[in-house]
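Next up is a structure, given as structure tokens.
To keep things simple, chains are lettered A, B, C, D, E and F as they appear, and every chain counts its residues starting from 1.
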Amino acid sequence: MSRGLLVGRFQPFHRGHLAVLEGIRRAHPDSPILVAIGSAEESYTWRNPFTAGERFEMIDRAVRAAPLDGVEIVPLPDIRRHAQWVAYTESMLPGFDRVYSNNPLTRLLFERAGYAVEGPALEDRLRLEGAHIRTCLAEDQGWRPLVPPAAAEYLAAIDAPGRLRLLRGTSSGAEGHPP
Amino acid sequence: MSRGLLVGRFQPFHRGHLAVLEGIRRAHPDSPILVAIGSAEESYTWRNPFTAGERFEMIDRAVRAAPLDGVEIVPLPDIRRHAQWVAYTESMLPGFDRVYSNNPLTRLLFERAGYAVEGPALEDRLRLEGAHIRTCLAEDQGWRPLVPPAAAEYLAAIDAPGRLRLLRGTSSGAEGHPP
Amino acid sequence: MSRGLLVGRFQPFHRGHLAVLEGIRRAHPDSPILVAIGSAEESYTWRNPFTAGERFEMIDRAVRAAPLDGVEIVPLPDIRRHAQWVAYTESMLPGFDRVYSNNPLTRLLFERAGYAVEGPALEDRLRLEGAHIRTCLAEDQGWRPLVPPAAAEYLAAIDAPGRLRLLRGTSSGAEGHPP
Amino acid sequence: MSRGLLVGRFQPFHRGHLAVLEGIRRAHPDSPILVAIGSAEESYTWRNPFTAGERFEMIDRAVRAAPLDGVEIVPLPDIRRHAQWVAYTESMLPGFDRVYSNNPLTRLLFERAGYAVEGPALEDRLRLEGAHIRTCLAEDQGWRPLVPPAAAEYLAAIDAPGRLRLLRGTSSGAEGHPP
Amino acid sequence: MSRGLLVGRFQPFHRGHLAVLEGIRRAHPDSPILVAIGSAEESYTWRNPFTAGERFEMIDRAVRAAPLDGVEIVPLPDIRRHAQWVAYTESMLPGFDRVYSNNPLTRLLFERAGYAVEGPALEDRLRLEGAHIRTCLAEDQGWRPLVPPAAAEYLAAIDAPGRLRLLRGTSSGAEGHPP
Amino acid sequence: MSRGLLVGRFQPFHRGHLAVLEGIRRAHPDSPILVAIGSAEESYTWRNPFTAGERFEMIDRAVRAAPLDGVEIVPLPDIRRHAQWVAYTESMLPGFDRVYSNNPLTRLLFERAGYAVEGPALEDRLRLEGAHIRTCLAEDQGWRPLVPPAAAEYLAAIDAPGRLRLLRGTSSGAEGHPP
């Protein structure tokens, strides 16, 4: 069985991500698409504000609302050793034969291991970009049109704007120890 | 949305596990069932012979063949700190409100945190038990009727009997360093 | 300032431990005694049933009830590298110049590093021993006289007998992943 | 028993910290105050120049000199997973019911878990701030009035100015590997 | 350049190991032999009594005394994830094209990755076996003829018999925390 | 036996490093020189582009071509705890009695532990510096004269310029998770 793998951090899951999933579905109508939530152990930092569970919810709700069938979502904690990254994903995930990524390092690592890697065409790359949307969330302005409606509803329900405003305010949001 | 959580190591996924999933589906026909593959980082030991990816394949194939809808499979690495176990699962997984387990410690930890925990009735507990089936695999005798047909086919394809025979032979199969 | 260090796991804190503290106090009436709770990250296993916080409570309550002044309690997680153990304790703790232990490995490691190590005389070693008291707890028989009254009261309040009975029942209580 | 928790890194412990402890003591004259030394595993970096043991010494000496009774000091290593931070502190520390912090993330995490969190009024926030005092130490100018006298004496004894001057000079002081 | 890899724990390095190295040298007179000291982070336990540095000394002295040229010694800490073991060794070590091991799991993992694996003929397997020699050391009887003379001299110099006697005496020698 | 220790990251190994090794050899003609590859677990980041194995190859080839005898190369993963750094190196490496480093923190930590530390005279420090050479590699201009010929040949063979160009392009090259 053919299976495509899309790896990302999804902080948050936005309309560009959904468009990529729809493109993969069109190209491979009958294959499962595995969505791996990278840096799954991170949360409550500016760069990774949402837990893996919250990101799972955003993706799951947006995919059900699309609707888009055959999407499998898995959290994937970092191992922090690039040279073992491909062997790690292979040991944690079911078999996949296509990798989707626009990240040049991901492409390099999977290509060296013999995988077909496709860089999905991203529309509106400037606005549909995690850091930009996090800034919009922190200012609670203009973020709703950038994420799928079901994800927007979830982000509002967990008061994502309040969290992002707070995380932008901490000088060391990337640290493991809150204070 | 209501969601049930079944946590296990699934070494291997057997007919008792499938029966539990079918029971949960009957009781909650419209709710997703989240199957968390515990000790996801472990593999190639007597106690945890299969990678999380291989276990995902076994569960996925058996569930598709049943067929059983609405089953979500996720690998879940250990954190090795029981006191944080519930907070960890909550941060890694989408929202769930029922936990299924016959393990008394799992029950205790989730009940203390306020979850409803159900101990699914297990039929034929003696034969449908991981360690027993691993022994059958190592001897390549009598294991096929104990696992769903689709899982059996996969176990044969990856030569599970050969791996188990080898792992039983190593004196220190539980160690991180092969030699 | 002179300071004595007593390292242990205190699963649970018993009357033998309290007698050791009283002996150190008599020998050094004006020096602080640092009690380091080893394996602080462990809990809910047969060998380490209580969290570091619960062990802190047992020691703190027993010491206040004695009463015994100048006892400082600190949790000390394992680093799992014996060769760095002394350097680790030195970096985590305030200055100490005497170490108390009956464990031969602890003695060896601290003596090699130049510390004075004393093996405190333990009375009634057979009954005042962690594993024995845990077994008494699991059977809820005869454990009360073996621990200081204030610790006994706390152990009853958190239903320690129920937890120990359960942990003895799990086949793999020492594992990081509950199920 | 009521107990207050103050979490910080104390790099170094300064007069603002001591004033906070005195304020807590006045408000709760009979309750223990638990001072948790965060990032306890860090040392010899610009951001965390002092070991947990050295920070324990600074706090302990300043508190004894004040004098201030009922202060309990514990090192608390990071777990680097914010979503489990509260569960982690609960498992490592004795029971506490009030948390003191001016850090917005700490406040958020403990408030979500149901704790009363107070932001202690800090006087002279500009000068009584860790990074500012570390810069003064590196230049060996003007740091003495900013820390309690007993801490100043200790900082001089371990040649803190020399260490800070050196750490400011390294381009990668935050890395785990010295060279 | 062709290079052979021999992985082991060498607790202690014995005459069987030296014979294997001599056999590899005879078969490949001009190729470097890489000796990887597995479980390098372990020490002061019954199963791994010697630090990686001490094991390096034993091997280095025995190889210089033989004399045997072209032997490269490297410590190799465990990663505790079998499925990534081969990728890990490839990232930590210079290129190698032959692996020597009698351990069936090591053979399986490297063979799956496409390496030629040879099981060196071991003479006198019963006596030249780590656990047996550690027992002889603990009893300080009959261990000298089992290790190369230069290693024996080193083992005597660090009082290996005393350490092994002590480690056999501890009930929990395999734990990370001494007491 | 006297042995010198040179610790570095060698990203990449350059002519300044080789000159230091030649200087140590002249000063101590008969002693082994231990070259420890720090941050051995890092690779595929801008700061640490090459795996420990690749760095081993660069050093090994340059040393053989020099030729320079008695150089021992070992990978040394970080422990990320400065206060235990010296104890860690002592446990992982064979005995050494001289340390070579121009890094002030390394010097401080080893000097406090009683080691003789020498700061080798570095010629042409501006050009023979890791970050500068990595920039030259990314631009594929002017890097060849800065590294020993054998290392240059190896860097070309693994397309180091291509890797560095890519790593400079990623916004988060220092992260553990590629995407």
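Convention: contacts are C-beta pairs under 8 Å (C-beta built on N, C-alpha and C of every residue); 3 or more make two chains touch, one makes a residue touch a chain.
Quantities reported herein were computed from a predicted structural model and do not represent experimental measurements.
In summary, the chains found to touch both chain A and chain F are D, E.
Note on connectivity: the fewest steps through touching chains from chain C to chain F is 1. Copies chain A and chain D of the same sequence differ in orientation by 120 degrees, per CA superposition (steps of 5). Comparing the contact residues of chain A and chain E by number shows a mostly shared set, over half of all numbers used being common to the two copies. More than half of the contact pairs of A-F, counted by residue number, reappear in one of A-E, A-D or C-F; that pair is A-D. Mean C-alpha positions place chain D and chain F at a centre distance of 36 Å. Between chain C and chain D, the centres computed from C-alpha atoms are 26 Å apart. Once the centre of each chain is set as its mean CA position, chain A and chain C turn out to be 45 Å apart. Shown for chain F are the residues in touch with two or more other chains, namely 41, 43, 51, 76, 79, 81, 83, 90-91. A complete list of chain pairs in contact reads A-B, A-D, A-E, A-F, B-C, B-D, B-E, C-D, C-E, C-F, D-F, E-F.
On chain D, the positions that touch chain C within their shared complex are 40-41, 43, 51-53, 56-57, 60, 72-77, 90-95. Interface residues of chain E, counted against chain C in their complex, comprise 41-45, 51, 163, 166-167, 169-170, 173, 175-179. Interface residues of chain D, counted against chain B in their complex, comprise 79, 81, 83-84, 86-88, 90-91. Within the complex, the chain D residues that touch chain A are 7-9, 38-39, 76, 78-83, 85, 101, 103-106, 108-109.
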